[in-house]
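In the two complexes that follow, subunit A is the common piece, with subunit B as its partner first and subunit C second.
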Partner chain A sequence: MKPRTILLAGAAALTAASMALAMTREGRADDAGTVTPDGSVRRLTEAQYRRVVADVFGQDIRVVGRFEPDKRVDGLVAVGSSMVSVTASGFDQYEGIARGIAEQVVDKDHRATLVGCEPAAGDTEGQACVSRFFAKVGPRLYRRAMAPAEIARFTAATLEAGRTLGDFHAGLATGLTAMLSSPEFLFRFERPAANGKLGGYARASRISFLLWNAPPDATLMEAAAAGTLDTPQGLATQVDRLMASPRFEDGMRAFFNDFLLLDDLDTLAKDSVLFPQFNANVAGLLKEQTLRTVVDLLVTNKGDYRDLFTTRRIAMHRALGPIYTVPVAGRDWTMHEFPEGDPRTGLLTHAGMLALHSHPGRTSPTLRGKAIQEALLCRKIPAPPANVSFAVVQDVNNPTLKTTRARLKAHLDDEECATCHRVTDPIGLALEQFDGVGQHRVTERGEPIDASGEFGGAAFTDAVALGKLFHDNADVSSCVVRTAWRYATGREPRAGDEPPIARLQAAFPKVGYRMTDLMRAIALSITLDPVPRAPASRQQVAIRTGVPPS
Partner chain B sequence: MTNPMLSRRGFMLRGLVGGTAATVGIPILDMFLNGNGTAYAATVGGGALPVRFGTWFWGCGMIPNRWEPKTVGANYDLPPQLEPIKAVQKHVSVLSGFDVNLDGKGNLPHLSGNTAVRTGAAADSWEAIQAPSFDVLIADAVGNGSFFRALNLSADGNPRTSYSYRNGSSMNAASPSPTDFYRQLFGLDFHDPNSAEFKPDPRYIARRSVLSVVAEQRKALVASAGAADRARLDEYFTSVRELESKLALQLQKPPPAEACVRPAEPAALPAGTDLTDTPTRLGQHKLMSGLLAMALACNQTRIFNMAFSAAASDLRQTGETTGYHQSTHEELVDRSLGYQPTVDKFTTQSMVAWADFVEALASVREGDGTLLDNCLVFAHSEVSYARNHDLAGIPVMIAGRAGGKVKNGVHVRGAGEPISRIGLTMQQVMGMPVESWGKDVMRTTKPVSEILV
Partner chain C sequence: MNRLPRRMAFRLLKTLPLAAALPVLIAADTPTGGEPGVRAFVLTNIFFAAPEEEGTCTPLADGGVESFYNSLPADEQAAFADPAKRRQLEHLMKERLGFKATRMPPGAENDPDAIRQAAAAAGFPAGKGRTAFANKRISYDSCTDPLDFMQLAKGYRHYDGKIAEGANLDGKHKRNDFRSAAGEPGIDNQVWRALGCTKAFRDAGDRKAARQVLMSARAPTLIELRGVDDLRNDPDVTVNVMAGSDALARDARGGPLLWSSFATDPDPALRATTKGRIVDGVLTTDPVDMRLNYKEQIIDAPRDLRGARISMTLKPDGSVDGRIYGYYTLSSLYASIEQMSQDGASASGISCPGVYKAIHDLADGYPDRKTGRKTAISSALGFVGVPAFAVPGERIAVTGKGAGL
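Coming up: the complex of A and B.
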């Protein structure tokens, strides 16, 4: 043990030295940081990357290229973002995307507005111009203040590139490419202050990425620099400002997109012969429909999260008319209200949700039930046992077992299967009156479809009744709190995180389950509550010390 | 396997890469740092032509009694599912009956078997994958001298369809289309090795030199990161260094490659093309195989991974409610035939794709033989009999002579031996000083000598 301790102590000493260095360099103590808990380095998602570029350089700069795929961990890409790095081929792609952006920034159409200066008489190489450019865009790309020495390094490298290329603007593009390929641009570093709480710029990024899915704006950066975010009052002022902005919708859309796995609709394919109504365009509109419905209820109308499961109000688009068999006038999105007694009520009956958790050629009560249990109820459904035959169950030509329900019921005769299927299937069977792309139906091969079942100890007759049970189920509302917290922090809760999560869950009913109040409370909690340390695993110690685990 | 360096210092790589079970000699470090990998290339094949290593993957296995040859050795019989490889049989060895032993761990369908084949240790979740897949180990050893350390391709249009990874959080994403692959390989950065003219482009000098500003940020960032975050940052900085060496290579005139011809740019698929449709997939795969063969002939890489379909294959027949993967679990065994007929059809189609791939490499002339002669290709699936996710006898085929080191056209029956023996063999044929590979019950020191010359 002894050598290991010495090594760790050595690392700590090194850290203290670099901390002091960082403090002087950055001028602010709070962002300097000791060794941060794991999960404090999060890779920007593709959407966040695009947002930063658009905020700093404008909407007309095209971001072209293939990003490293995101990784979904326990239902959330946000959690996966603190576990992924950049592979060699991924870095190749990032550098290529960065070059594409940088070349546009310095091209003839943009340089006047985005660069705004050129080499001049007393500054033939353009040093002052380059330095000014990086001092302007650098802190916005890095989402923190930059020390003069950092600007100077990029400036020197850029001027050298300009000399090599014999072209000032080509050199500038090359230097900007390096900045856009830098770890501090591609990753979010959450540095705690010495008191264990998050530093100012880390707070600014946390609340802006949570509430806007975007980098901090100038006002927020100024607040971070001034230390305003270190006080609960100053932080609350900024949180309220961000939530009052139209951009709060973007933040909520990003959360629900991750929470409900809606990005999977982008690549969802259905059999074109069996479901000619479905295509890539429809899939994209189904995703948009759910997001617009969520925003209308929870942001625009500051609604109750539970009403998402019972509302008959839904965003509607003309191209979705055939799926929902409703006439839609006009070419724009409108809010549509299904009549009382209509089988469509609430999120569970959105065609996008129903299509997403079906097979390409037919429904799957098990896939639907599993997805709903995991995402909306925060329950983990184990993988099926490897050695199991589904043949009897899924024989669609079985003369006696005509409906999916009848076939699945036969499956329950096997006790090993039954333990999980009793959890997943009742919810899925309640949605059987909607086919593989979410179209309403009342029969399957001539037999009427029975959508009744039991959830949380209460019997229901169909999807509408199930939606009401979801509305009143405490697990449904506490699950969204936990998921939003994990989304906001980008990691799984540790022991010390449970009390704040429990407080958030207890407070949710008191604010009428209003999603806006929840997001506000989370924004404050994740910036003000101390960051608990994760105990280092044996393997992590091994990496740090170079001593392999035995 | 004896290696003088091994006896000098029995250094374990284990601690460096977090739990991998590979035991290698100390030169692995030099190997990582070696800028051109020539030391290893020289031990492979012995000639001027480089030996390339690659993997080829198809999902959902096979039906054992319709796929496994009855006879062993040369001129093995071709059961119905192997019938499509008839034209290329002389290039292909079949390795049947090599098992994954889970050693009491759970079998996560379509993942456990695959991780065991690729890493020598079964993992029952992505997060549990600790060791690199062996293609990554080989790429670390011999991939340095070429423009791309490795190339990954998926014919299903999904960049996530890749079984090449350093661990469960670090997957090497695949190029998902012929157009994407073409731009990556034969776009602006491509130098025709046979062109008489070579002028170093100052843009590569500039791009490389600014990257040093990125690389020098490492020290400050790593110092304050927790252990796991530090490992992730180190991976990022290794990637930066890799691009630096790649840009350095751009400043040298590439050695001529007689078989290299820059291919024509493929047309993009019409929007909404359904790649799960089997004939469409076969076409896409064939096109990508041809481009990959040319990338190899042009010395752009020595390591590749091609996935025809994902584990739990997504192949379908348009108009049918049930596709390949669902059919493996749901289709009744036809009493008169004695097997699942739909599953049989999809497996056979996957073997058509494999034959296409072998043909693509064999049709490029190189030196006195073909490109395939200078390749070692390891083809496999994630299960044997997919109906119950059987991990006994996961099907493997080997194509290419690895520059004369490997025998083709034989059938080897594993009789329940660990499948890690094949992974070990591949590493040794590629010149790596590895004496054992695999973890716990999957650990082995025995290569499959039947395929060695």
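Coming up: the complex of A and C.
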């Protein structure tokens, strides 16, 4: 089915869906209050959706349903979130999820704490209760202030639903479903204020989702309302507060999860005959391992980003011991340190990274090299031509070409293939001493594995040496700055964005390549800088205006 | 003992031509972690080692149910001749012989008074019955009280072959000794003479079958080698035999997960240390008394072995295949039999009274100082294992062998 905006889907739906649209077309209380094609519209990721619901209603409200798949654009879901809408079937799913949440909020177990009121003498329909409820949860769900007229419309529609259904709480659930199904909830609207810069609530959301991967808390909302975020000092105060919170770890995890494509581990499968040690549980733990290692180095210890490629310290879980062939005494996560001289150091030798960019039954220096070039070096590798023959590479039982290196070398006889493989393969071949699930090996079919190569004009002998070269390579540190900027803004840089990105890249070495300092600088930069003017996509315009694209 | 630092080992490995490196590879299997000079293995199955010998045990020993059936008059035998009526036959045996069973009261495992009261309430004869079925039941039957039902030992028979697995434990050549498959005389393995014609033990002891099953999954035994310079040849290694507190994990193929970490049970009774040596990839140890956890299915009864010595082949694929030769104490051996209770014995085709009588008749080691009666029986336990890590564990509650009333 061709994607349609949620507006089209909403037109076909009853009650909550149509109510959601009616409630969000006008009457906003924030910023200029007018629809504008500038700024960006980003769909909440599943993690962000869950976070908002948990923050507003509590952890025990279950969020059940299938979300619209995220789209990764140039390596980042964060960028893709600015380019996606909601399909008609996706809207059905969102509405179903919303209904499930709303029914829990008003059920007998939760209504006392989450609704807090009910119809009473003198207010038999419960108008005051409904109004109070939406005034309380509405701004938190929409991440902005709501005008009295906006709340009044939600209240009226909710009471009408209650009358129709003959049940006050059923009506309230319908109204809440509408709010949770509305574009104002499902999307992050970053509207510029009259001065061309982001409005207060948009700033609050930007720094909150960047630093916490969560909606603004009450303090940040108050700061937005008070205009505090409009001043550099006021903004810095809030940024520092957010970064001092334990939730900053969540924000950094979200960034590295996106940056390193770790979500792909959730669906990674391997040939169980060839790799019986690997299963879905192990894959999940490998993702967690890399995220914990990143947090330990870069957040807890405020470390140098470059050390991520040379550190011998890694988060370890007992269930991962068989993959790494290391003893693990604790039953929970612990930090493990590989000894000096160990073949594993740094991110490039994390089993999760190695497994992720391999085939189900064998390694792939090309996939590994391509992933590293694109993600860690910000270099674009073109897709292979459609008519390329991989016969030699895939012939793992070749009697003479026993190692992957040997087979790739034969493949390079085709000059058309060689152009790209010369870029990707040296890095991938450096990791050949780790099999398709990241287990260490020194031979392949009885042949010693040669892991040497050249990177950035320097020769290396193995993955450890390559990690050191990555540590010292300027492109590596520049790339993470650029990627973090793209992640924070949810879009590709435009012409006017290059100078501030260059400033961030220049400043990174001066702060010891500390990611915490980089994220702080980005949070301040992207929030204070003017919103670039650029035409919005047809779908984005549709979401903002309620008029479906023709 | 000189230990090769790991980084040196890796450098050495890189510089060696493949032919020279291969023995090192085979020996070390190139783990990237773990303490230098230390290798451990988790045993996935321990079993009575069966010899490869044709033409013995025909017919096999009768189980308790078969002996009971044979004791019935002809008309009753005809009524129960159909194998489909085996359950009814077992029920008849239970009724005729007065077997009793009751559930272990909650929390009463270590409370003899509570067990006695529960047994009395279930109509047990005074002073009779024992805990069984992994200590989840209290039973009175031919397994818990074999001397009360010796009629069920009537069809039992000993193994009368000439060959058995084992070692010459006493250094003597006796009339009742076996020969090894290689022709070595003086092999002491009277437990196989006692059990070797019972189908359940023969099936479990088959070497190929033993590799296919994970029997020691709940609390497996670990063998740890320390001070290892070369897994092919090392004249002096320390060998620790320990109990793991963690269950065996399976891999995606259903086999044991290699290189898992197992916390060791800190109970000193479950740890034995001895010296050993490796010659051409085969470890042999000095004798040592050891207690091996035996927690398999319905059984929870440690194996007590006296003067036990290990012979273990370190295989090129990293796994191990070995034997423990020693004297199995009669009390711990029979504890594992009685734990299965009548239900387990009937299902396995075992005659508990037959086993009881046989192991006591054939016991050949460690005479009691006062009575002179032998308290242990020579044995050869086979085992298979895979590489693992032993890590220090916290003390856990240890459930012992079944308690009498």
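One rule holds in what follows: the second predicted complex is superposed on the first by the 496 of 550 C-alpha atoms of A that agree within 3 Å, B and C clash if a C-alpha of one lies under 4 Å from a C-alpha of the other, contacts with A are read in each partner's own complex, and residues count from 1 in each chain.
By definition in this document, a residue touches a chain if its C-beta (ideal position, glycine included) is under 8 Å from a C-beta of that chain, and two chains touch if they have at least 3 such contacts.
Computed from a prediction, not measured in an experiment: that's the story for all the values here.
Counted by residues of subunit A touched, the larger count belongs to B, out of subunit B and subunit C. Contact with subunit B, but none with subunit C, is seen for A:P360 once the two complexes are overlaid on the shared chain. Once the two complexes are overlaid on the shared chain, A:R344 sits against subunit C while remaining clear of subunit B. Contacts of A:G446 after superposition on the shared chain: subunit C is touched, whereas subunit B is not. After overlaying the two complexes on the shared chain, residue contacts for A:N279 are found with subunit B and with subunit C alike. In the superposed model, A:V73 lies in contact with subunit B only, and not with subunit C. By the touch criterion defined above, A:T87 lies against subunit B but remains apart from subunit C after alignment on the C-alpha atoms of chain A. Applying the stated contact rule after C-alpha superposition, one finds that A:T267 touches subunit B and leaves subunit C untouched. Contacts of A:Y324 after superposition on the shared chain: subunit C is touched, whereas subunit B is not.
Common to the subunit B-facing and subunit C-facing surfaces of subunit A are residues 272-273, 279.
For subunit A in complex with subunit B, the touching residues are 14-15, 18-19, 21-22, 33-41, 66, 68-69, 71, 73, 83-92, 95, 99, 153-154, 157-158, 160-161, 164-166, 170-171, 174-175, 177-178, 181-184, 186-187, 189, 191, 267, 269, 271-274, 279-280, 359-362, 383-391, 393-396, 534, 536-537, 539-544, 546-549. Subunit C contributes residues 5-8, 10-11, 13, 18, 21, 25, 30-35, 249, 251-253, 255, 257-261, 263, 389-392 to its touches with subunit A in the complex. Interface of subunit B with subunit A (complex): residues 12, 14-16, 18-19, 106-109, 112, 127, 130, 148-150, 152, 158-160, 166, 169-173, 175-176, 180, 184, 202-203, 205-207, 209-214, 216-217, 219-221, 223-233, 235-240, 242-243, 246, 271-272, 274, 276, 316, 318-323, 326, 329-333, 387-390. Contact residues of subunit A toward subunit C in the complex are 272-273, 275-279, 318-319, 321-322, 324-329, 338-344, 440-443, 446-448.
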